[in-house]
Amino acid sequence: MPTYDWLFDSTGLRDWCDGEGGSSAPMSMADLMSQAGNAPDTSVWQTPFPSMDALNDACASFPQARDLTRGLERGFLDIKDSLSVVLDPLTQPLSWALEAALWLFQTTPWFVMIPVLALIVAVISRSARLTGLILAAFGGLAFINYYDYAMQTLAIITVCALIAVLFGVPVGIAMSRSDRLERIMIPVLDMLQTLPPFVYLIPLIFLFSVTEPKLYGIAVILYAIVPVVRLTNLGIRMVDPEVIEAADAFGMTRRQKLYGVQIPLALPNIMAGVNQTIMMSLAMVVIASMVSAPGLGVLVLRGIRNLELGVGLVAGFGIVLLAVVLDRSTKAALARVNAVQKG
Amino acid sequence: MTDAKISIRNLFKIFGEAPQEALAHAKAGMHKAELLEAHRHVLGLRDINVDMQEGEITVIMGLSGSGKSTLIRHLNRLIEPTAGEVVVNGENILHYGDARLRRLRRSNMSMVFQKFALLPHRSVLENVATPMIVEGAKKNDYETEAAKWLDRVGLQGQGAQYPHQLSGGMQQRVGIARALTSNSDIMLMDEAFSALDPLIRTDMQDLLLELQRELRKTIVFITHDLDEALKLADHLVILKDGEVVQQGEPQHILMHPGDPYIVDFIADINRARVLRAGTVMTKTTDPVPVDSEVSANATLEEVITQGGGNADLTFRVMNRDRQVGVLSMRDVLAALVATEGVKRTEAPAA
Amino acid sequence: QDDTCGEVSITQMNWASASVVTNVASFIMQQGYGCDVTIVPSDTVPAITSVAENGTPDIVTELWTNATGQVYERLKDEGRIVELGPVLDPGGVDAWWIPAYLAEEHPELKTIDGVLAHPEWVGNRFHNCPEGWGCRVFNDNLLPAFGIEEAGIEIFNHGSGETLATSIASAFENEEPWFGYYWAPTAVIGRYDMVQVDMGPYDAAAHEASQDQDATDVGRTSFPPAPVATAVTTDFEDEHPELVAFLSQMTFPNDVMNATLSWMDENAASGEEGAVYFLTNHKDIWSGWLDERATQNLSQLLQQ
Amino acid sequence: MPTYDWLFDSTGLRDWCDGEGGSSAPMSMADLMSQAGNAPDTSVWQTPFPSMDALNDACASFPQARDLTRGLERGFLDIKDSLSVVLDPLTQPLSWALEAALWLFQTTPWFVMIPVLALIVAVISRSARLTGLILAAFGGLAFINYYDYAMQTLAIITVCALIAVLFGVPVGIAMSRSDRLERIMIPVLDMLQTLPPFVYLIPLIFLFSVTEPKLYGIAVILYAIVPVVRLTNLGIRMVDPEVIEAADAFGMTRRQKLYGVQIPLALPNIMAGVNQTIMMSLAMVVIASMVSAPGLGVLVLRGIRNLELGVGLVAGFGIVLLAVVLDRSTKAALARVNAVQKG
Amino acid sequence: MTDAKISIRNLFKIFGEAPQEALAHAKAGMHKAELLEAHRHVLGLRDINVDMQEGEITVIMGLSGSGKSTLIRHLNRLIEPTAGEVVVNGENILHYGDARLRRLRRSNMSMVFQKFALLPHRSVLENVATPMIVEGAKKNDYETEAAKWLDRVGLQGQGAQYPHQLSGGMQQRVGIARALTSNSDIMLMDEAFSALDPLIRTDMQDLLLELQRELRKTIVFITHDLDEALKLADHLVILKDGEVVQQGEPQHILMHPGDPYIVDFIADINRARVLRAGTVMTKTTDPVPVDSEVSANATLEEVITQGGGNADLTFRVMNRDRQVGVLSMRDVLAALVATEGVKRTEAPAA
């Protein structure tokens, strides 16, 4: 069976293989079957890839793939403590912010909260229709007793999106001003967007106490920060070069140019980024609920775990409703920014 | 010529990865096409020497891609040259540090752009006041000054509007007012009127000439329109493929084009409108029998009009009340069709 | 081998012991009974729902029947599913646990009254099941019954089994107090040395009441062993009597299962490898599950 | 406690309330506390929203919120059988396609598969570097024994993305040709993108057996189809109106215009949509593994379930690696389309 | 005028929600600005009546937004009119069904676009062959024909390239070749040369005139450049705000501008280059003593050149070897400056 014996025999590594106490892999199902007398036919077509396990078969000293993943795990656990000493206090404010927001959104009575939300939307959108939509949406959710869950979700999204914007915009600005930073950040952003959130949740769980809200806060922020960074960078880089030239020609300093020209002109793009950031934090609420975030996500999970179709669907549509409301409100704000500049 | 307001000396600009290497080739005599072919570098400008006099309008013209924008952007160092000097008020601005350069841009030079380049998120008044705002002025400080210039370009009371609410011609007026607010003595204008409709364009040219008569700034004006160039220029520089083909007084270039390229260029021009009595007259201070007097500055069109269609007149040409030459109608007619002759005989370079 | 068996599908739940059970069953059905086995990775409720709505997969194993709510009972009543026998002997363990080091330090904590008297020793926190799990229902009823919150212990509802397990792991990493619900046999309990908290006598009525989501006044009770069963569809029962016989016999002693799980943990082994480990080391156990024909088919292996 | 008694008393509905055997909600924790003599202070600030449950408190005949979700569930279950009769055969080919692809990708030996993949990429991208990347990526995955999982994931993505494109492009074309259809479709697409995939997994589990691959196939396709539809529509609508005018001016029929002008010119956009569709199907692999999709997602889940940090991380990076490879390859194809048209 | 190739009658086009309502107002005499103000409808065209003769170049000119594009797009019904008739070859094309309209577009009309509007994904040859491909021709069928027209516009051997590999001028040649391939007798050209550099533009104008001399198509040409209009036009239509301000022979319009707007427009023109002997001569067939002969088609510039600068000549003006008038140098000079006079005296509308 060990196809790659010859490799170690011919290179004279046989001694090393047999020498040290290398561990051999546990028996696989295929091995067992062959023992049971039903060996799968081993034609040339079945030649295994010279993978770590195949090589370990031939030479016990060669590490197995599982040694690799274990090593990774051990390595992480080794640095985990020092990491957590640094990160824990740094991220503590996030926990506080989330707790405070959850407390605020939940203790404020509905007859204060709903009008306040409607008022905010009315002010930023100047649209009666949209304000009506807000009232109807939250009224509807409250009527079917989903108000508390919706508020929890809203609180989490508010905090996370706010923090994502707070960090994302400066990062985007920095990227727009340095081609080198841009070259470094773009793959990082790409990775944040393709890496399944579950994957970075695992180390996070080890780093922080699972009972801390920041656990899901960080997961949501990491996932949602990408668009605002990207679009801030893009927006500033796309500012009409003639306008930038004019700013230079009139002797503006880099600072004046940034605050007086680039950011204002990139505002439509930045706002589009904010809109997407909010949408993406909303997309994460279900996954966040897997690491104990309260809100509508919990109901969706309950729906899927118990196959309570109704609960899952209604909570899902609750999320969609929140999404529509937030999307419309930010787009209305965006439209007003655009109207001033025309673009 | 050393007392020129702006003086460009041996300026080279090469775009590409390794401009210094390409520069050696350019200095050794390579031209744009060869340099691109052989070394994949774009020759932006090649050995430019131009003096721009105080209080004059210097017009730079040439086809698209000839390097006009590149040249004008060297004057306030929006582009760094590959080699050469740019001397403004006797100082080589290439030696300036950041702060000194900013001072130059703030107080000595202002610029008007083809696509206006106004700040869309600021009101017209704020746009006009940009040079003062850059210096840190507050609304109180700049308001009257900006409003003054806004009046001057004929946009009274439009200060509260936003740029996108104005038509193209009005936006360009804002651009001019902005340049004027900086109170700089040099104004750089890169195809400032190219984006405008013909009629509005004529308006703006007249506005510029009117302002210039009054303020006597040093203006560098870029255009690819010959009519515009001839209308505005005190000094005309013609670029082709990053090189100066000919420069000098426009009248002189018209009469003595130095190159078949220029001949092509000026072939379509309305000579009667552009040529002046002083250019085509026979120079003499001897008193001769004449029918009438004309100013040396009068265009041939004006001379013909003054002659009332009479074909056999002779004029005394006057400059500040002194005779500088005589001009017969025959000279006038000859000048109107002169180009063909030049083309055939290859006039010497100016 | 004869191929009278045909195609068979069997679920594999997403925890470690279930994957051992499924792979063992699958191996025996393939090699012993000549079946063509498809393993379907799934979870308790989706699996049972799929059986209810679509009649597939054929075999659902390591089914914690307490966690399935009324669906399972209804299916049994309707005669669409047949429970064959227990998978674990004496059964699954539901319990409230504390880490062994905590029990060593404060032996009082081994009983619920000790915990209630010294909530600060367990970190003033109870780690509860996620929403949607069967255990959540009875925990929510039992926690007030024991007056956990009144004692000053905060109840933390986890979002998923993963965070619940990690909270144990991270408590062990830092030797911190931990108190909460978990179940066995599992990889986590296999890996970490945990002690069950003594919750007093078992009260069947209270236990029954605690299964109801809407119950109000539940009395104190401890957990009985949880029934963990193998179930098959009635169609399957008719078509494969020999497999039904085998599956009815398939019962893993708890200690063997725990040993297998901790071996898996030490070796970072997959469920498949765990099954192989069981099959090679406990022939005495599984040889008793087989009928004659299967014994013969597997004789080569059994004789080694 | 029932705050809204007056509502039913004053409208004369009291009889109706008490009449029928309406079910009253189970006693809540708060009720229990008040019975225990520890009634929370009920100030005005605590007035509950007139939600279904609050009204049910006051009037037993008024339905509770859970009646709503239960009703929804029952409604779905009632139509489920007829739905399933229609959908089951319709979607059966998807199961077959997935099974066939999984079989093909898994039985083809690695020493055929890897070169074939590299060759495909070499042909579409004409880039030696990219081809090298492919070889390195799959070689690396194989070396650490993740080859089989990667192939499973690749098979699923190939089939799902292909089907998404196959359906998405025509839908996008139809949208671009009818403003009405566009108005209808845009909210549907928005919803597909905001609805957490978990939510539509629930009814799918009811509809199809968990043994069927189409269960996750449909979930992946529903999630991934959005960008290709959107960008096809956008691409066709953005074709330079002067070129369309030229096509009209030379008397092209609608058909000629579509195939000869609009689709070719929208190709860069359509390709960008395909790229995003592939990325989104990849983003779904972990969630798909929750409903029994094989592949790297299984390992990610195993990583978080068994707290095998290393396995989760490596599998996660395997997914990122696949993402990078697929992204680069489709972008290279896109670049070649663009190079021909310049744009 | 009924034998015109194309004849536009009482054409109205109004953009907006309810064009029919607005049409009533327009018919009642409202103009563009008022209609926009009062009813929020854009008056695209208002009561247009133009006849375009077979084999002539009709040039439509006007400022941006004056409705030129709107007008030309009615000729092949890319835009549907609000009211009026478009008669081509004696048939009102507004009665055409889809199939008949397509036939018209395929075989009777072809169009050249300002931004070229080539198909970027097809080779130059395929682009040129578009009209034939639309008819279903295969590569074998169209290859020689398309290559012929490609040669004709001076792009031999470039057929395999893609549009983006060509310069603007070359792309426009492809556009012209494409229009010629359709073998239609009417060619519509909407600002076909506006995007080009001045020198290339002159080239293209010459190319067009050369082709026209040979093929004698009916060409409708749009421009906002007066020089171009005068160079090309047999018949000139001047639009303003969707209305025809003046139309007729270009020479006639130059001599008798009907409107201060047109006076403004023609103020900058090079009259010597544009005006012809036949326009400014004194009509007479009487034999008079003259110094020389000129053709009625000769421009004044040519007359002056022929006169060699001599200011007191008189010419006999000939048309096809017959005297049609006489022209003194004095008339020539008067014509050169005539506009000013017209401006003051308000010439009657043509």
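Read from first to last, the chains carry the letters A, B, C, D and E; within each, the first residue is number 1.
Methods note: contacts are C-beta pairs under 8 Å (C-beta built on N, C-alpha and C of every residue); 3 or more make two chains touch, one makes a residue touch a chain.
All values derive from a computational prediction rather than experimental measurement.
A count of C-beta contacts for the chain pairs A-C and D-E puts A-C on top.
On a Cα centroid basis, the chain most remote from chain D in this structure is B.
Each chain's centre was taken as the mean of its CA atoms, and the one lying most distant from chain A is E.
One inter-chain figure worth recording: chain A and chain B are separated by 57 Å, centre to centre, where each centre is the mean of the chain's CA atoms.
Each chain gets one centre point, the mean of its Cα atoms, and the points for chain B and chain C are 89 Å apart. Spacing of chain A relative to chain D, judged by their CA centroids, is 17 angstrom. Residue numbers of chain D whose C-beta contacts span two or more other chains: 205-206, 301, 304, 307-308, 311. Of all residues in chain C, those that touch two or more other chains are 43, 46, 49, 162, 166, 169, 268.
Chain pairs recorded as touching, per the definition above, are A-B, A-C, A-D, B-E, C-D, D-E.
Residues of chain E that touch chain D in their complex: 73, 76, 78, 101-106, 109-111, 113-115, 117-121, 130-131, 133-134, 162, 164, 178, 182, 188. On the chain C side of its complex with chain D, the touching residues are 9, 11, 14-16, 38, 40-43, 46-47, 49-50, 53-57, 144, 161-162, 165-166, 169, 187-188, 214-217, 268, 270.
Interface of chain A with chain B (complex): residues 240, 242-243, 245-246, 248-253, 256, 260-261, 264-265, 267, 340-343. By the touch criterion stated above, chain A contacts chain C in their complex at residues 26-29, 31-33, 35-38, 66, 69-70, 77, 80, 205-206, 209-211, 215-216, 288-293, 297-299, 301-307.
Listed in rising order, the residues of chain D touching chain A in the complex are 45-47, 49-53, 65, 68-73, 76-77, 109-111, 142-147, 190-191, 194-196, 198-203, 205-206, 279, 282-283, 285-286, 297, 300-301, 303-304, 307-317, 319-320, 323-324, 327.
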